[in-house]
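To start, I am sharing the structure in question, which I have written as structure tokens.
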């Protein structure tokens, strides 16, 4: 298996805070990789570095062998990395459909004027975009609410929509930042299946941050554990569950178990 | 250019700059707490100038009585404006509040035009202030010496109030976090009202001194000084009092020195403020002494 | 001491809290657990008057405090250690401590000394700007700030958030300590394990409704809770 | 409602508007026509500002500057060559420019293009600024343009301004261009680019993560806005027949801000309606400036200036109590109109029924 | 209002007053209207019909100016228009009066462009070139050799005057470098210390500072406080009481050219005008020239209506164009081909004891 994403000694500093410290990791094609660790460990920051929101203080990020350390976020999205956000960032006042269509904008072929003036070829492209978006919404079960305003959806559906929106950019690598946050166990279970499904359906690789250990342990092929910005463990779910350091820093000692 | 002329220019620049600084502090105070560009500040300044004018001419108050009266009434005006136009928008997006501020500014200008007519009036001055001292060929008005002193005194008083008193502590707290300030038991509306009161008082003092130096009042007199002082505040780093003073001096000196060294460009003088502003914003997006902020994703 | 009846809160049409009732008896540690976005913080925010409930009643020591302003509520002896610490970064450590006592008019020196006892680290840093403190120190400061108002009820919103396990333990020691000194505590935690262990009563909140309540130790043993919140496999 | 009916309705509406223009041109006096012309021009300028501020979420206050570019381009190039030496009587016109005459339409477009280029130039540094800072920087640029125009005497005739610009007095020019602009705006906003703009308005970070180049799209929106503003400015110059730098004082921008705030930030139909209300209303309120007497006694309140006071109070009321303006981000669509009538009808029948019950 | 309905009446002849009553030019506009109103009060009838003044505020703004003018023409159907103070406003209305064939008479708009290429715009005042030349002559006569100029670049009037002053002064002195310094400023500027300091270094004999009276008064004040002793000379816009109020004792000795002198009325009509004006506006310390011009503009229009024997705008226009040796309070007026008043006399005044005082009369051949 070849790696899709590779981080080499990435350091991210904010003033005095070292949010990510010498992080190196690899994500293999077609796998589901989890990034876990206590709050403030630097997981989201790592995502932000990967997606170009922050430029790392030092280190290198490569995607499919290409150095993307200094790329801008929208270029990275175009290259094939999509993400969701820890605190949902939908285009709240736009419809569900529009949210998905916006994510398709990056592959638009018709130029500005063709598009703006609704030239025949642009109209055709728009039609295709809409069809694809409909299909996607169908898959994530949001067809019924496609004309609703995004902010009016219940929390769980917003999470789904965020994933659908990310998928609409046709990514090869999908970064999910706490997708199960705020979901009850039932929903979390459904999400577990959903993630597996989309991975196969869209033939993508997934890197995910999650605190729900059920989910993580069930679907990850590989887990990285961060603490204070530093990698403290890496391995399969079984290895991680048994890792002393991880139990100390994150999983907690199960005194009564 | 002779040394004497240069010194004269310098004196002019400092004198103008310190007036800018004084008014800029008011902008910065309000911005620092409310994150609001109080576009109406220049017009509050104008209203204060009119109050002083009417006080001293029609009601023939002695200047010190007028001075106190102007400060009191302007403070009330400032608080009223805050109450009527900004408080209802406390939870609204910044753009709504900014538009409200522009609206207030527009209203004050039109109201002044309606009430006082568009005609400029002569601001009463008195000899003790306007008397020119000759310092080895450099003539300096008494006012030119007084204004920077007043500005610096006010700066130090405000720094003291803000950094050393309970009120100041509350102001700083409110500026960072309304909600938690509330949870501390701080009545944020009162704190904001105090801030406006201080800002308006500064506008009043500024108007008084401005009137002495440029003895003329008109409904639109606040527009340009307002804009320039706002720019001064932004240059210095809006929200930072020391920055406002720094920005004021820089702007005043820049304007006068442009005239001094590039006489043929004097027509571009008003552009200087903006050019300076844009250059500084490009180099330091939050001004010279402004704090950097980045959005956490 | 604190009693909430049928509280409903919504943010612009979206109902975050859907009619919950709970009680915190005097001198107990009560805890509210639940997933992200379940509405826990919202409950605390409505208690201190930061959000206006749509309906329902909140009473404190028998007096209804619904609709009072935050400062009125705080002056009755309730205080909040907010989620994410939210200390005032532009104030020094000492000022942050003092601002906690903003409502008080009496002499603070005794209580400041108490804080210095409780948090020796803060004493060392009293002139430092609070924004430059480490996360753990900030959390201590937030607790100290809240204590300065001499509250009868102190509410803590995820005090262990973003803290190393060791620091978390320290925070919980402090919680127990102030409880011993006679304070009532309402605690929100993600770390349900720790919270339930410390708590006398626990409430479980799920998408805006209370789905379970009981003694802390009881809940800890409950199978469904274990599955949902303690991250333990079946 | 299907596509065909909608198309038919659109055509019908267009025909009605064209008929209106024909009739208005014939029947109305030049005073009314002038106001209608202004309405159309303000519609264009309002839309231009709404594109940037309302749809893309950039707080730009540079309209007056772009307008000035358009107005001056039209002025400089369309003034008859023989009139130029008379106009530039203090300092002769720049020798190169003085020989160039361009017909109205190309000059109008040229103005738009220059403004767009200029927007591109200043966009690079300025559009990276946020919120308040962007507002003040764009305002600054508009003032710089004005000041340059005041001082560049051989090109703009400085403070004297340029007069003798061939004027337009019928409604065709302004209204057809306004219609084109509206049409273009609707198409643009409903295209993929329009959605991208709105995405930027809603959440820059998410938009960028979805592959929308923030900078590129902001610049595009800013340039299109500048182009439209310049077209509006060019028409304005041709309507007045004269330009001078004072007309483009930064406070002019506030008028358009007012239009979009009143109409609704992010609403095309709102902008159009509000352009008419503001322009027409200001004219209608003129009675406030005239002395008025009730029973022979002159009321001192009615004197010049009252109109603007009332106007600004109205503005404040809108800002404070109707925060989202008339339309918010909504649009008037055929569906909405259909809904409205349906509701009206059901309400009527319900009322009728209710009435019966009481009996 | 009640008066409006009566307006439709054919027994009324309407004359539009097109002036800035709000905005930057309000002060001048107001003074001009005072003269017109007074004239209307004294001469309320022509051809046996009542003359009604319809006043429209052009807000000192061009866009407003055109609608205001259009309104006068179309809505109020006035027979002629008077105004406006501020040449650019008159220029803005130029096309409208031309296209609608309604005559307009400017009272104090001195910019040449007002009447240029417009057969329907006239004026009763002299022009900027004339005024600039007058002041150059005056300065030369005083023996000044070196002059400095401070001009309001954003004001067409000031720029015009400065240019013609420069031309004439250079010609008179025969010295290309007789203008030692030119300082520019913008309307509403309040600080002039920079340009004044530069001027002080050049030490000119005289400073010509045409511009708005407020800025000019501030300039003189600041110059004096900087120790500049050279005399200041300027144009007719200075002649307002605010100039003296703002300028205080520093403007003592400032010299300006103007159209009219109320202390030495040229004829009986002028005497009557001054008397009545003082009665009507007791608060005014002196009679401003623009008020006198406003008065003349009204009377000239009235005369033209009388000559035309009709309220038809076209006929009135022809009558105005044919005006010869009309005895106005500001002197004899003959309308030339351009539509301008042929005047070759200007009054020079100075500020003395807080009053504008007659100094000299300059005649340019």
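Observations on the model:
Each chain carries a letter (A, B, C, D and E) given by its place in the written order, and its residues are counted from 1.
Note that in this section a contact is a pair of C-beta atoms (placed from the backbone, for glycine too) under 8 Å apart; a residue touches a chain by one contact, two chains touch by 3 or more.
This structure is a prediction, so every number in the text was calculated from the model and none was measured.
Both chain D and chain E are touched by B.
The chain pair with the larger count of C-beta pairs in contact, out of A-D and B-E, is B-E.
Seen from the C-alpha centroid of chain A, the farthest chain centroid is that of E. Between the CA-based centres of chain C and chain E the separation comes to 75 Å, rounded to the whole angstrom.
Chain E has its Cα centroid 36 Å from the Cα centroid of chain B.
In terms of their C-alpha centroids, the spacing between chain A and chain B amounts to 48 Å. Computed from the mean C-alpha positions, the centre of chain A lies at a distance of 32 Å from the centre of chain C.
Under the contact definition stated at the top, the residues of chain B that touch 2 or more other chains are 113-114, 117-118, 223, 267, 270, 297. Across the assembly, chain D contributes 147, 150-151, 205, 304-305, 308 as residues in contact with two or more other chains. Contact of a single residue of chain A with at least two other chains is seen at positions 53, 85.
Only residues 1-2, 5, 8-9, 12, 15-16, 113-114, 117-123, 125, 130, 132, 134, 139, 141, 210, 214-216, 218, 220-221, 223-225, 255-260, 263-264, 266-267, 269-270 of chain B touch chain E when the two sit together in their complex.
Interface of chain A with chain C (complex): residues 16, 38-40, 151-152, 155, 178, 181-185, 211-214, 217, 227-228, 248-252, 254, 256-257. In the complex of the two chains, the chain A residues touching chain D come out as 51, 53, 72-75, 77-78, 82-83, 85, 89-94, 98, 101-108, 112, 115-118, 122, 126, 129, 165-166, 168-169. Within the complex formed with chain B, the residues of chain E that make contact are 20-27, 30, 60, 153, 181-186, 188-191, 193-195, 197-198, 200-201, 213-214, 217-218, 221, 224-227, 242, 245-248. Across the interface of their complex, chain A is touched by residues 12-14, 35-38, 132, 135, 161-165, 190-191, 193-194, 206-207, 220, 224, 227-228, 231-233 of chain C.
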